[in-house]
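So that you can tell them apart, the chains are marked A, B, C and D in the order they are listed, and the count of residues begins at 1 in each.
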């Protein structure tokens, strides 16, 4: 049983007294904080915070919290949201043929580690239908012949399934800029290089060509500029001269799936706040 | 120029409202918090916090802060302290013949990375005198023939130099239990294994004998039980079958010095709080 | 398409001229070496080597190679074997209820990364039947009420399916000593700690209790002494004071599966040679 | 006492029988191989090898080895060299004001870990004179007002001190292209980023700006194209949103010094062979 929690995330211009005001509001209603994180971005002088509270310690529900908190929020000019752990986030997965990230995410989901709903998996290929359907999750094939129509269809499916976040789990298609803009901070990609190195196609071959001694993977929000969105999580693994591009691809799969799983988890738990083209990740 | 900061560390029985009370106190005096960390130990239901504030945002000095805060502290039954970054901690180093940790720490000190005073270095050998004295730091030799007298002398030197923390930078002598008890949470050691594996002498040889695939180092507070005190920091490095015990010793030196430097830094910055035989490290 | 390879592994008393004799034998028949590794164990003065050759560069098949090589082998008093990549190894998996290692290994197998045959999966529970059978692999339930009979049954199944290696993929039962002895160097286990720390049950809880700053996993050959067999592969991951035992279990799953996958891969590719209670791993 | 060794490194067009021919030559003279490594570059079909032998197992000295081996070498069209561990390599260090790499390398040298001669340290500043001279090593200041004359002077000093390798231990000047070409594969630099990301000036600030979650360092051979030479060694370390550019600089120093020390060690031990713009590192 996961405990019932409210998570409050805030960003606002920095000044003295913000923490006291917010924690004072919570304390005044008997709220019990179980995790609290803060950060000030030096460049923009913007303040970010995340408070996780025991839902049962508060005398009202999430909506009432939001109503009461709004006054304080406007006083400090806050962007903020309160999420309720009882409302699972809805994640739509986009895949092509490679299934290592899909396999990893679905295992975490079916074992109860990844606490989300997955209303459907969308793909431009049929290969992964059987595996997805074994999990009891609808698998929807979208033809990519007309890319513009295809992405309209994907957007429609995402809306219709009330998706919160779209996860590109090794989806081998470039998203149209307007699609990226429409779902700003709601699309997560796993790129198979340690960005900003090796943007674009065949990054492991680029890495092999350059002779690097470690390769990496990057989980990031998708923006209209290719592989240039805010980075959520990265990791690297050691390789050497004996490794072929195929070996790099194989090692890479292991970091891709763990980096995507970690990044997605942070996002699901409202740990990721965006500041310009960077992220704050309250781990 | 390092900014002038106050750091408040607290532990007390957990309950709702602690953060609000403490940050309320700070805000009421205009205090500007630059870093804040919290933790509740589930087993003991004890709450731990660390607040770092801009000294210039407060209308009074550290002593006045302490006076005013005492009332609130007693209300919540707090163990607490406020440190002032203008008062550098005084670190006494104990060394034998091996100098990799000493060399590393003295470099960090002379380059301004490690913001402490080092009133003296004490050793049971003469080998490192010239290197220490080149830094303008007194080097004091203590004869170990009579161990009991030697540790009385070390204690006297530590007191006389107003030492805050005693750092065993590869000091190859076991400290008497009463000495450990006397300076509880004030003696830091670097042990050359990934504890709890390979306690005691020649851990790299023990590791080689067992055929482990990684070796490690552990920075911990010294207690009267050998290599069993609260762990502050650890790290590991990969080895393989081709590595001799001498190779492990060589790799080990590199992790020993970084692990000790990190652990000591956390301690100096009041990031390490002890809870039973464990540490909370607010990084 | 994987290239057709022969792999020759040898151990013998060390002396000058072994490499020349072996590579001379290979060269004399036009054999093309694609990977070669050597090691001398200093304690036992025993020499170990692994040669991987292109099968198509040799004018005869594996059996003929073995016949011709036998003379040379006896001259140097070698323990040796030649394996043929066309003969896939047969791996029998033993599981209980936890499926993260199973899920990982079956994905590597179905994606063609793990080049083995899996004739069956054996379990003391029914939970994982559907997932295994989706892969078209027979799932065999063995009742553990009578442990002695159960292990006789497992041995019979292993023999009947011509298993080469038995993999304990989080199998939560202790194997009888005679079973371990019977299949010496043929049973691989994943233990959920960084051995030799935290032998036995609930290692993550032991780790949490001790307050270590990294946790680990160990892939090793099973011997009759619990968790004390030759270590094949290990890895660690950073944790901190905020992590509960459940968090450690969650982080641990990720290293368990990668460590087991790596260790098994090394074993399958004949990269692991045993020397006393240690392994040589020719990566 | 370091054992007396000969190290033979070879590159030549790949074909069957090379290993047999070389190890046959060694065995025929009773030579005892203690370490052997091989690699074929798939793109160029070039073969690389390194053999380390006990000098006392051979009936002749290094010069006689070279004379006798020349015939075999020309038959296989080899580029090759034989080095004698009794002839220490001569390393000239170039530094500016930052001394973390210098401090690290000089410690490794004075503790006997780095088995080289350091005939002098050259700098464009006076800051590090006293520290270098404490080691009994000549410190030579070179004025950079006329860059062309300065690098002529550096070349002259390098020649006059019979330097084998020039190490840029955080030398903050760009070397002229002709200087780089003249000492091809003999100049080693430490760059403070994970190349190919963040070439050029202020890489930690570039990294902070991009919001990467790990930073790195790269040890590479210097070529006339800035930060684009063959990479010898790299490593990364985790950072997060709370780290300022100054924090990155501080973390970075620790990886810079270990990456340079490892890369230099590999080079000194003749473990680094260059293939196009990549390195083979026989660790």
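Just so it is clear, a residue touches a chain if its C-beta (ideal position, glycine included) is under 8 Å from a C-beta of that chain, and two chains touch if they have at least 3 such contacts.
Keep in mind that what you see is a predicted model, and the values were worked out from it rather than measured.
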Selected pair, greater C-beta contact count between B-D and B-C: B-C
Reference subunit C; chain at largest CA-centroid distance: B
Centroid distance [mean C-alpha coordinates] between subunit D and subunit B, Å: 36
Chain centre separation (subunit B, subunit C; CA means) in Å: 41
Set of subunit B residues in contact with two or more other chains: 35, 242
For the subunit D and subunit A complex, residues of the former touching the latter: 39, 41-42, 194-198, 210-214, 216, 230-236, 240-242, 244, 275, 277-281, 283
Interface residues, subunit B side, partner subunit D - complex: 35, 99-100, 103-104, 107, 111, 113, 130-131, 134, 242, 250, 253-254, 258, 261
Residue ranges of subunit B touching subunit A (in the complex, touch as defined): 16-17, 19-21, 23-24, 26-28, 30-36, 38, 40, 57
